[in-house]
Amino acid sequence: MSRKPIEYADAAPEVRAVFDDIKRTRDVPDVNNFWKHLAHDPAGLERTWESLKQVMAPGALDPLTKELIYLAVSVTNGCGYCIASHGAAARKAGMSEAMFGELMGVVGMANATNRLANGYRVPIDKAFE
Amino acid sequence: MSRKPIEYADAAPEVRAVFDDIKRTRDVPDVNNFWKHLAHDPAGLERTWESLKQVMAPGALDPLTKELIYLAVSVTNGCGYCIASHGAAARKAGMSEAMFGELMGVVGMANATNRLANGYRVPIDKAFE
Amino acid sequence: MSRKPIEYADAAPEVRAVFDDIKRTRDVPDVNNFWKHLAHDPAGLERTWESLKQVMAPGALDPLTKELIYLAVSVTNGCGYCIASHGAAARKAGMSEAMFGELMGVVGMANATNRLANGYRVPIDKAFE
Amino acid sequence: MSRKPIEYADAAPEVRAVFDDIKRTRDVPDVNNFWKHLAHDPAGLERTWESLKQVMAPGALDPLTKELIYLAVSVTNGCGYCIASHGAAARKAGMSEAMFGELMGVVGMANATNRLANGYRVPIDKAFE
Amino acid sequence: MSRKPIEYADAAPEVRAVFDDIKRTRDVPDVNNFWKHLAHDPAGLERTWESLKQVMAPGALDPLTKELIYLAVSVTNGCGYCIASHGAAARKAGMSEAMFGELMGVVGMANATNRLANGYRVPIDKAFE
Amino acid sequence: MSRKPIEYADAAPEVRAVFDDIKRTRDVPDVNNFWKHLAHDPAGLERTWESLKQVMAPGALDPLTKELIYLAVSVTNGCGYCIASHGAAARKAGMSEAMFGELMGVVGMANATNRLANGYRVPIDKAFE
């Protein structure tokens, strides 16, 4: 049973507070479906948003690089929603089509060589310990 | 049965040619274990190296960003050898400890929210189609 | 090419026998799509059902706990059909919306920390050996 | 390059504060390796601990059920450290050997049927939508 | 944002060259969607096709066995497109419904026992080292 | 806590019966570690062995092809024990080094293109529905 999204108009105050912070932080008129579905669990909604906000804030890595990493993980896991939403987020943060093509090339290659290393049972080089 | 690595001294000419190109391209005195184990399949060795060289060359994305993506995929897949070797490669390309901590934060978060999106069966927003 | 489901009316006797046992055991008027598709391979159908029936029977763990575990695995693997069917089964076995929210919190967290433990190459504590 | 764990004696004040809270909450004399390695990233350490503490607290699901779910995810992902540490945590929370055997039976079965549902391209039943 | 496929009529010369080789090699009137979407990255298109052509060519393993392996991996990863396209390719290469049922049985079993071996922390037998 | 393997001399009658059938079926003097660890759960031991015996028996697919598929899944999942044990089983069933190299080539390629199909959000061709 898929649950209905919780819209702002129907949301409890603690959910609205999180929605407001997402809209302010991202400068968007409404939150995307992910948050509206997570809102059935207000504690999980707040925890996930606070963690995500902290993790994606500019730091030693810039926002675009962080979005590229997020997208690479989502592609590896095959999460359809996440590929769509973080693909959009990465483009908004500056990912060009050429960057996307190169990211996909690296993701494909890493997924292949991860299996080669495991399948051939390659021992870790001393230099990498 | 784990197979022995093939050392340069014992390698066939077509394997040596690939080893030489790896050493030249990366400016290293010897190739790492991955290639020595892959060398049992000379065609696979050459194909993998040529693809990897093309994929990791500087382009729209710089080498450090590509190594970060490679590492993020390897961590997501839990490939021990790849985490060790691409962790070293990322550091060589300029990854600081602060960058590594932030990368791990993004990778952890993406792996969590990938499951939330699937588990809550969130439909893709029209804006992301 | 997606194959058509095999309905009871069209099923061979050995398939009907399994369908009957599923309906009796679960007290349902018809089997769900999973079994109708599996029925193209009668031996696989019977083997899968017999194993599932044994695994999900009440024992040291109660049926609700077993359904929660089944759902947690399905969410981790991102199996859309299984999330839908075992989400329904877990609710039938007593999973409340609050339980579902907490399960998702644990699943998200476990998927995140699994990557942190691998990515940071954490050695196993002696106490856990 | 695997990094050294950060011991309490060498930890910065904000790391010590988290270590103290872990020890108090779990009533243990020292934190396990996971936290000592995470401590290289104090912000990630605190965020991960605060989230984990919230997620694993008793609620609609009891602590044992939560540990069983955590273990089931870790086994599905094949995270060696997490299987060892959460196996120990589940036993401490009351998991008997019989419960562990049944959990493994469910995890194995779910991982198998997840692939059957995907491979046979089974459409979701209307009753599960 | 999902990108539009690139049709032959609109393709650049280097993309057309790859499309022509795919059509010739597989003796098909048009390439399937996978290649039309990959064509946004001409370098990735050519690299992927050349690697695939080499990997799937008859050798020590015949084409049917290679398609069965490809399908088994795709089912394990839960890639919907790949299950559909390589399911069709395997049938074209000679996979009967009975073979498909047995393949699914092995894939399900391997996915189950992979978790049992990890979850029970089974050490590798000396005979397998 | 890793549990000790259960040796034949210490095994209960129902465990011995399974061990005897494994030894007879495979014509080996002793069972491998997997079964000795599974023996802590006699019901799971018997269920797993009976299913495995049925799945791996010669049928529409020959034993070597089945072992190749088992190995391909194990490599994809990165299960160290399973790669070692089924690598040995595949060799015993006739896998040559050339076959192994080609299998690894297909497994690597499938793992790469699975991500390309998902990441590029390729819709399924009508011909594959």
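Letters are used for the chains, namely A, B, C, D, E and F, taken in the order the chains are written, and counting of residues starts over at 1 for each.
Definition applied: contacts are C-beta pairs under 8 Å (C-beta built on N, C-alpha and C of every residue); 3 or more make two chains touch, one makes a residue touch a chain.
Fair warning: this is a prediction, and the values are worked out from it, not measured in the lab.
The chain with its Cα centre farthest from the Cα centre of chain E is D. Chain E and chain F touch with mostly matching residues; of the residue numbers seen at this interface, over half occur in both copies. Rotation angle relating chain D to chain F: 120°, from a CA superposition, given to the nearest 5. Using CA-based centroids throughout, the chain positioned farthest away from chain A is F. Two chain pairs, A-B and D-E, are weighed by contacting C-beta pairs, with A-B ahead. Separating the CA-averaged centres of chain A and chain C is a span of 27 Å.
Taking each chain's centre as the average of its CA atoms, chain B and chain E sit 21 Å apart. For chain A, residues touching at least two other chains, in rising order: 1-3, 40, 43-44, 47-48, 51, 54-55, 76-80, 84, 87-88, 98, 101-102, 104-105, 107-109, 111-114, 116, 118, 120-121, 128-129.
Contacts between chains leave no pair untouched here, as each chain touches all the others. Touching chain B in their complex are the following residues of chain A: 2-3, 32-34, 37-38, 40, 44, 48, 51-52, 54-56, 59-61, 65-66, 68-70, 72-74, 76-77, 79-82, 84-88, 96, 98-99, 101-103, 105-114, 116-118, 120-125, 127-129. Residues 1-2, 43, 47, 51, 54-55, 128-129 of chain D are the ones that touch chain A when the two sit in their complex. Put simply, chain A touches chain C in their complex at residues 1-3, 40-41, 43-44, 47-48, 77-79.
Across the complex, chain D meets chain F through its residues 78, 84, 87-88, 91, 97-98, 100-102, 104-105, 108.
Against chain B, the residues of chain C that register as touching in their complex are 71, 75-76, 78, 80, 83-84, 104, 107-109, 111-116, 118-121.
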